[in-house]
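Please read through the structure below; I'll follow up with questions.
Note that the chains take the letters A, B, C, D and E in the order they are written out, and that residue 1 is the start of every chain.
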């Protein structure tokens, strides 16, 4: 069976899952998880979760909320990545842009419309009372290319891409310095599945929790495992993992409702969500124990 | 007439499947609902700008693909050596995941309409080139020689003799170029644009807003069908004249 | 000999162009040398082959379906005017839809995994094959079909001995495009829901902005597609003798 | 082989039963009322084993007549009976040489000629024998492995004739088969056609423009009117079955061509409608 | 109009200077060594305003000769001079009727005929006049708005002839233009061609299969050998410039056709190589 994890192989949401599979935490719990299904789109990942024979996975909180708003009966059963603090905006090494204030009136890229980067950029502008011309680049790579081509003055980047471009680009600002924690991803399942398979879900959540603890305790070994699973450069992964540990990137599963509310607030700013989200209806904390 | 029946039957079958819940509402909504949503979208006029923008992009892309593809195809065809060398590359082009090149497209075409139309053209033009090459192979030798006997230059011969003579075969290229230009533009809007039909569809897709998504899809289907129907009529009229 | 030379020359020109692009936008493209070197190392690495095998398997099924289905569809529609009138505009309209929007439906019918990928590849590839074949058959000289009728050939005989050979150049063009687009379709399928495959490798590479891997994958894809296209062209030249 | 046996059975001279009969056939292209009337009510019967030629002004409906006779298109009104049965589609045992170039561009000369035989599953040795004979007959031995695109117009025409004759059909319809051949080659081909006709006992319908050819080869000649065409006159030559082009030296040959000529002239003039031109 | 004036200037009888001369021309299809040799070293000169016919066995290289004469394909060796200049590409003032059907399927009969005139920017009134004349000449008045697919083979051929003649070229090359016409129409067309020839003073090269046609229409007739073709004999008819088909009644007409016939027969037999066939 496979779990579904958004941006697997790309971003480090998946590190605990890599560890859980590799270190046999799932097997210990009597689960037969041998792989991860992934995709890069929030909506697509959500649909994959629902279509999978094991309808459980880690998806963007915004995607989970959107799905629920459309009447899909989902349960959020654990917290995933508890902050967007790993993101930063960069500019070319020789650029005159030094701080957020310098971005005023300039063209700045985000990845795609209504994405987390779009939202963060808007919140930054609000906070500093500056006006930027924001443009959708289509992706991280495209954004960096635009910066390089001077089409924009800054673009978003994050771990584990950041260590790779660190020599060629310099940071303008880090989100972790500017904004409070915002819950990026959560573990979800369908209500229907939850009803019949409470035990199994509990084991899945527990295995992940164990893996998260392992990540914090053994960054080197984690980097090795992730680098193998992601087929990436171990040094870069290790650098990123250290960065992420510093900002306490992965949640062990416990819900932090303020971080979730922060995310909803952001989504409201970009018009993704209107009105409040009633967590009590969709969050089920019973699997955490 | 038969077409209407077949399509009608299909629509009714879908309607029944959806209404009875055999197909979940989360996957596909009933055609009648699509129509209602589409009507809602159109009458609220909130998608007008998106639609207009996408249509302009698509039209530009189709026009450039068809005209450019024909011109390039005609050019390549008149140099057999070039043609032989380039032929295997032409079709292979479609295997390349063009979305990997978005950063490059941005470099080349900048942001906004330019890049989006360019992607539509890049997608549509090659089908037209290939179709032009094969169509030109079909021109009877006597006609090519007639053009020479009239002392036509390469451009005039291509336009006055080769183009009309090859038209029945060029329709293959037209049809594919239309489809590909559509796909290219909409896909580009999916990823890069902050407005347009493609963007609206992708937004609805990501937000599980099936009503809007299928409503807009219905719009695209109706539109493409209308365009194709026009071409189909022209084609039939021409072919009848040709005696085929 | 001259042909091989032209071919190599064209590749060189391509590489020079690529290098120029690379110099203009080093972030969007790695240099050709770097990419080929990376492709070479990837081809040698044991990590890459399971991905290739995974993609190849899905592609093989998809190609079989796209080619078989496309030819069956195209040939029968070409021979039967009424059904062509019904099916053709529908076919093209559906084809023009952004394929992503069909994803929920594909998920519903095929679920996650191999069948979905195959379906994605097939829906991409089947239409070009069908349209090329259909138009070619429709434009077959009447006197050829009359000859078949006078010899009282069965439908199947007419198809295999007159219609297919007569339409071969177009069929080959359709297959060339179909091959490439099917491959693309499988890759896109792998990007939607994947755990292995070249599409997955590509998606991760795009995600982490690993341009070397992207370009190397593209080089490898291009080699496959160009070889297939060249083979089909060779076959066409062998089987269909044209005026010199 | 059924075709061959039946053909052999049909040999011998004397008046034969009717092989094909055309009664009141018309053919309109396009709309039945406003379309182009190509055939006026036409009557015609061919006797089994007869050599019949049709002449007529250009555009009068000769090819159209051949089409309906072969069952390739349905007459607008009227019926055709072939071997005692009302024609519905192309019957068995018919061979047609079309006016247009019908060579398959993708096959060599040999493969073009043996195309029908291979489809019919004829024994390879027999195919080789007939091919060899046909290549010689048509003077195409040197071009057996050439493709049609490498042939001259006249040579392509000969390929099409060969492709039909090797099938040994019971009825052979030929639409200006010698149109692109020079005078001498035309004579030779005519004689060869007579030989095949005699040997297989086939019924032959030949559409031709050359009056001397019609006069030389045929048992009977039908002259068609200007469009809408119908047979307005039939001329019996009375030649013996054993004959060849030398028959042109006969006394009555001149009479026949003169007769054909006088009828055809009026119809052609009507057809070209040379109001003030001449 | 330059073309027309020059044509008028060239009128009048008597021996004219050379219009086109072919010297040692050969043409090989495909590889120069192993390919098909279509023309042996061929020499030919046409005088300005001359009516010259070419006859020869099928596949001997007549169409090939026409191709190189028109500048449509380059001779493998040898040179061609047209109006004093070495030919390189299709020269101005030439009109060609091809052996194959070269009608534009997408144009009506009228538009086909006026195609070249409209291109050349001829005055519309003049176009209308010439079109009207050509339609009458060719007996296509009823079919002015038809498309080629609605015509018979012979009618399409006439469209192509008309399309070339209306341009009033200084040199007209015709490749079996009457191949698909019936005997009477062919006569009429021949006479019309003579008339156009006399009126415009054009040089005419006519490739034909009909010996009587060649004998009737031409000033001189060239007979080609079997492939690889070359002119092996030229026959001068000595007809006056003012003539029509009634010249066939002349005493010397028979002599000419007999002469043509005897030379052609040998070449055709060589060409068809009827080893054991006959």
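Keep in mind that, in the parts below, a contact is a pair of C-beta atoms (placed from the backbone, for glycine too) under 8 Å apart; a residue touches a chain by one contact, two chains touch by 3 or more.
Predicted model only: the values in this text are computed from it and were never measured.
*Asks:* Taking touch as defined above, what minimum step count separates chain C and chain E?
*Replies:* Minimum step count, chain C to chain E: 2.
*Asks:* Which neighbours does chain B have in common with chain C?
*Replies:* Chains in contact with chain B as well as chain C: A.
*Asks:* On a CA-centroid basis, which chain has its centre farthest from chain E's?
*Replies:* That would be chain A.
*Asks:* Can you tell me which chain lies farthest from chain D, using the average of the Cα atoms as each chain's centre?
*Replies:* Most remote chain from chain D, centroid-wise, comes out as A.
*Asks:* Determine the centre-to-centre distance between chain B and chain E, using the mean Cα coordinates as centres, and give it in whole Å.
*Replies:* Comparing mean C-alpha positions, chain E is 48 Å from chain B.
*Asks:* In angstrom, rounded to a whole number, how far apart do the mean CA points of chain A and chain B lie?
*Replies:* 37
*Asks:* Please work out the Cα centroid separation of chain A and chain D, and write it as a whole number of Å.
*Replies:* Between these chains, centre-to-centre, one finds 82 Å.
*Asks:* Which residues of chain C are in contact with two or more other chains?
*Replies:* If we look for residues of chain C contacting two or more partner chains, we find 25, 27-28, 103-104, 107-108, 206, 242-244.
*Asks:* Which chain D residues reach two or more other chains?
*Replies:* In chain D, 100-101, 150 touch at least two other chains.
*Asks:* Quick check on chain B: which residues sit in contact with 2+ other chains?
*Replies:* In chain B, residues 26, 103-104, 106-107, 141, 205, 210, 243-244 touch at least two other chains, as defined above.
*Asks:* What topology does the chain contact graph adopt: line, ring, star, complete, or other?
*Replies:* Here the contact pattern is something else, fitting no line, ring, star or complete shape.
*Asks:* Chain pairs in touch?
*Replies:* Result for touching pairs of chains: A-B, A-C, B-C, B-E, C-D, D-E.
*Asks:* For chain D, which residues count as touching chain C in their complex?
*Replies:* It is residues 70, 72, 89-90, 92, 94-96, 98, 100-102, 104-108, 115-116, 119-120, 147, 149-150, 167 of chain D that touch chain C.
*Asks:* What part of chain E is in contact with chain D in the complex they form?
*Replies:* Spelled out, the residues of chain E in touch with chain D are 29, 36, 55-59, 62-63, 99-100, 136-139, 141-142, 150-155, 158, 176, 179-186, 188, 191-192, 209-211, 261, 264-265, 267-269, 271-278.
*Asks:* Where on chain A is chain C touching in the complex?
*Replies:* Per the touch definition, chain A meets chain C at residues 2, 7-11, 35-40, 44, 47-48, 51-53, 139-141, 144-145, 148-149, 160-161, 164-165, 230-232.
*Asks:* Would you pull the chain B residues touching chain A in the complex into a rising list?
*Replies:* 26, 102-104, 106-107, 110-111, 191-194, 199, 203, 205-210
*Asks:* Show me the residue ranges of chain B that touch chain C in the complex, using the header's touch definition.
*Replies:* Listed in rising order, the residues are 2-3, 6-7, 23-24, 26-28, 81-82, 84-97, 99-101, 103-104, 106-107, 127, 130-131, 133-134, 137-138, 141, 168-169, 171-172, 175-176, 178-179, 182-183, 186-187, 190, 198, 201-202, 205, 210, 213, 217, 220-221, 224-225, 228-229, 232, 239, 243-244.
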